[in-house]
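Below you'll find the structures, each written out as structure tokens.
There are two complexes below, and they share chain A, which is joined by chain B in the first and by chain C in the second.
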Partner chain A sequence: MLGPPLAVALGVAAAVASPVAGDATTARILLGALEMAVPLTAGVACASLIGRDPAVEIQLAVPTPYRETLLRRTVVTLGWAALVAAVTAGALIATGWWARWPDNHGPLTGQLTWVAPTLALGGLGLAAAALTRSPAAAGALVTTVWAVQQFFAGAAQQHLPGRLLYLFATTRGADPEAWTANRLTLLATAAALLTLAVVVLGRSERLIRSEDE
Partner chain B sequence: MTIEITALTKTYRGGVAALDGLDLTVPTGMFGLLGANGAGKTTLMRILAGIVRPTAGRVTVGGHDLATGAGRHAVQQSLGYLPQDLGVYPDLTARQFLDYVALLKGMDDPAVRRRRVGELLEVVALTAQAGRRLRGFSGGMRQRVGIAQALLADPQLLIVDEPTAGLDPEERIRFRTLLSQFAGDRTVVLSTHIVEDIAQTCREVAVLAQGRLAFRGTVDDLTQRAAGQVWSLVTSGPPPSEGTVVSALPHEGGMRYRIVAPTAPGAEATPVDPGLEDGYLAVTVPDERRPVGR
Partner chain C sequence: MIATLRYEFRMQIRKRSVWIVPALTLVLFVLIGGSLLRDLFDPAERPPEAKTAVVGLAVQVHALLSIGFGCLLADRLVRDDRLRVAPILDATPASRAARLVGKYLGAGTATAVPIAAAYFGFAIAYAINSGSFPAVLWALATFGVVFVPGLLFVAAFALTLPLVMPAPLFRVLFVGYWLWGNVVPPDLMPTLSRTLFNPLGGYPLAGLLGFHGIDGAEVWAGPIPGAALNVLRPEPTPLLAWLSIALLLALAAAALAGGHWVRFSERTRS
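Right, the complex of A and B next:
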């Protein structure tokens, strides 16, 4: 719950503390908080939704399908991250910081800066947790994907598939021309991952911790 | 709701056969399920609750086949289930938790929910603590929250897995009285190790041993299984080597043993009237007699 606002706060702190002068750099850090930090917290939060429910036996014995409950929790988790991100983006637009990053893609379409990676990492976290039933493993996968793209940004964008799946195309994109294609690819990936999670959750009602069949 | 279980088998990964070709009919009313640790009680309860799928066999509850999604849904609509390892959300208060479970059970009207939750908090004597977070609840208090959530939607089938574990004697008696009163024409399946709870509430009982049915009948029948096999023996020497010792009490310079054994465990042994516990021992440990003191 604290993740997304904390991520934004960290981004703002980093922007304030930035040793490099220049509006563009500061603006890039601020947008980076939306494109990097918020999606990471949302992804890890989604990964922790499955496999750690203390009342799972009660959940599985009630007429409301557990899958429905989990999807509702996913919507709340992603919705909260979206709310925090949207408010932050609004503040950045109002204060003019949004415009100071040259590749901002406008106040409307530019929102895909955080929408696409948040949904992609959220979907990845949920699908991985549904498959492994281990929040730790799913969280580690999300963090690893994020970190690899973060620390090996160049290598990750060397080929077209890598560029299309790159999470941070607004603030660290190697090919600004491919931005729209990149965002759409991420959204499609997110949709595929969420669908996968829904399917897996529907089949596996064996979510009891000790129930390791 | 009558439960029909036919050739039910559940084999866990790793080859553990928790249930092994079980045939059992459970009528309406209170039904007791006895069995040692690992006998398969929880596995059976989870299958009945639609949580675990059997490996083979067929289960119908009130005519609904648990193998189909529609059947499970129909059964869960009128099911109250108290799991053996009850987990709760520690950050919710007792009232919030019950309200949430009521919502999951399809009680959509908030006013109805509030009234029902209030009633049940009263029933389990937790009204005063209803606003406290579950994190700070004792084991017994948590168990009472579990009992309350099982009763929320006025279930036609109530499955309770060792519900009295962790309750103090007064609460235990209160709870089993509650169960008996609740049962009426509903079906209540009560699994427990506490033979006394069954003796005081159920007319019919089944005993599971290693995933198979060791006994099915009335409580009186089970008691009678030990008829002529229960002995009292006062000795200052070592306990008898054959038979199952039910109790050992200090007695005038020696010990008084109560023993279940097919034949008198000594010349001084006198036959006594069997109890339900003796009957349970007679059907579960007929062959390998457990030596005393080990």
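Right, the complex of A and C next:
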């Protein structure tokens, strides 16, 4: 619960602390909090939803299928991140900071700035957790994918598949023309990963086995 | 302590995720960052000196695999409480401090084994490919002064900080810190990168190994004109490199001591 608000707060602090003059730089850091920090917290939170229940056997014995319980948790986790991001985006639009980043893609379509990477990392976190049953491994994979795209922003976008799957195309994108295709690809990837998680969780008795301790 | 260390090591090294996470990271790295392989195996692109090649490799491997290392260790200490085995372990003759140090060194070493395997695997392949066998000695030296202090620093905080915050929150803050404290340019915002407290080893890289990037033009330690916190960025020398290593180890010891104190005060209350 703490993650998304903390992510926004750290982004605002970074924008305030930046000694680089210019509204565009400040606006880029503020949008970066939505495109980078909020999806990271949502992804790691989704990665931590499986493998922590102390008595999975009881969960499997109740009328509500355990898969449904986990999917409800996912909706709450992603919904909370979305609420925080939407309120922040609204504040940035109202104060004019949204428009000060040249590649903002408008107040409506531009919301894909945070929607696409949040769903993509959330889907990755849930799918990795369903497959590994280990919050540590799933969290490590989400943070690593995020960090690789940060460290190698240029190299990651040299080729078309990398550009289409790049998480930070609004604030660090190499090709503004490919933004829409990038966001749609991320949404499709998120749908595929969430479907994979739903399928894997269909055999929920598999979760009785202890997590990878 | 030795018994705890051996048990924690054996327990951790058998975890599939300890091997899966670094393996997937390397696959991703090679797919995206291809420069790693070109810098090592392409005669037209690799640097002329073997030392530069293997130290440059260390920077890339350390920067990326340490993230998974910290995230994988984050549940090790709180796990004893979650599984409710801590009181049983407390009843054994082994002291709490010795068990903490044993867990730290055992689990930390086991999680570092895949990192060492990846680094030395690439370094040995490079040495064979280029015919430059001193590269392996340089790799050993680099592992000792760059990887070991950095990983000991990360492991201490990864074990103890989840005592005071949820492990998922620690993972988020850790990767944010890793990017901010190692990579963010100091003239963009106040940061610990290029300071004596840099766990990526900026001072040992510059002061002990004379490394200034694959192309010889990068700065990994020292002051940046106009940047905040330049007081923590003196010009790198060998002495300051050892000081940087000592500071990282001292901070690791402080984190462990803090973690021990938190656990001790919790148990005394309950």
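The rule is short, and it goes like this: the second predicted complex is superposed on the first by the 207 of 213 C-alpha atoms of A that agree within 3 Å, B and C clash if a C-alpha of one lies under 4 Å from a C-alpha of the other, contacts with A are read in each partner's own complex, and residues count from 1 in each chain.
Keep in mind that, in the parts below, a residue touches a chain if its C-beta (ideal position, glycine included) is under 8 Å from a C-beta of that chain, and two chains touch if they have at least 3 such contacts.
No experiment lies behind these values; they were computed from the predicted model shown.
Peer 1: After the superposition on A, what does A:A14 contact: first (chain B), second (chain C), both or neither?
Peer 2: Second partner only, chain C.
Peer 1: Answer with first, second, both or neither: which of chain B and chain C does A:G3 touch in the superposed model?
Peer 2: Only chain C; A:G3 stays clear of chain B.
Peer 1: Please indicate which partner A:A155 is in contact with in the superposed arrangement: first for chain B, second for chain C, both, or neither.
Peer 2: A:A155 contacts chain C only, not chain B.
Peer 1: Could you look at A:A37 and tell me whether it touches chain B, chain C, both or neither (first, second, both, neither)?
Peer 2: second
Peer 1: For A:A137, using the defined touch cut-off, is the partner it touches chain B, chain C, both, or neither? Pick first, second, both or neither.
Peer 2: Touch status of A:A137: second partner only.
Peer 1: Quick check for you: in the superposed arrangement, does A:T69 touch first (chain B), second (chain C), both or neither?
Peer 2: first
Peer 1: Applying the touch criterion given at the start, work out whether A:A61 contacts chain B, chain C, both or neither, answering first, second, both or neither.
Peer 2: first
Peer 1: State whether chain B or chain C is in contact with more residues of chain A in the superposed arrangement.
Peer 2: The partner that reaches more residues of chain A in the superposed model: C.
Peer 1: Could you tell me if A:L184 is touching chain B, chain C, both of them or neither one (first, second, both, neither)?
Peer 2: A:L184 sits against neither chain B nor chain C.
Peer 1: In the superposed arrangement, does A:A47 touch chain B (first), chain C (second), both or neither?
Peer 2: The answer is second: A:A47 touches chain C but not chain B.
Peer 1: Intersection of chain A residues contacting chain B with those contacting chain C?
Peer 2: In chain A, positions 54, 212-213 sit in both the chain B and chain C interfaces.
Peer 1: Residue numbers of chain C touching chain A in their complex, please.
Peer 2: Within the complex, chain C contacts chain A at residues 11, 15-17, 20-21, 24-25, 28-29, 32-35, 63-64, 67-68, 71-72, 74-75, 79, 82, 166-169, 171-172, 174-176, 178-179, 183, 187-190, 226, 228.
Peer 1: Which residues, counting only chain B, touch chain A once they are in their complex?
Peer 2: 12-13, 46, 49-53, 73, 76-77, 79, 81, 83, 85-90, 101, 103-106, 149
Peer 1: Taking the complex as given, what residues does chain A use to touch chain B?
Peer 2: 53-64, 69, 205-206, 208, 211-213
Peer 1: Considering only the defined contacts, which chain A positions touch chain C in the complex?
Peer 2: 2-3, 6-7, 10, 14, 17-20, 37, 40-41, 44-45, 47-48, 54, 132, 134-137, 139-141, 143-152, 155-156, 162, 212-213
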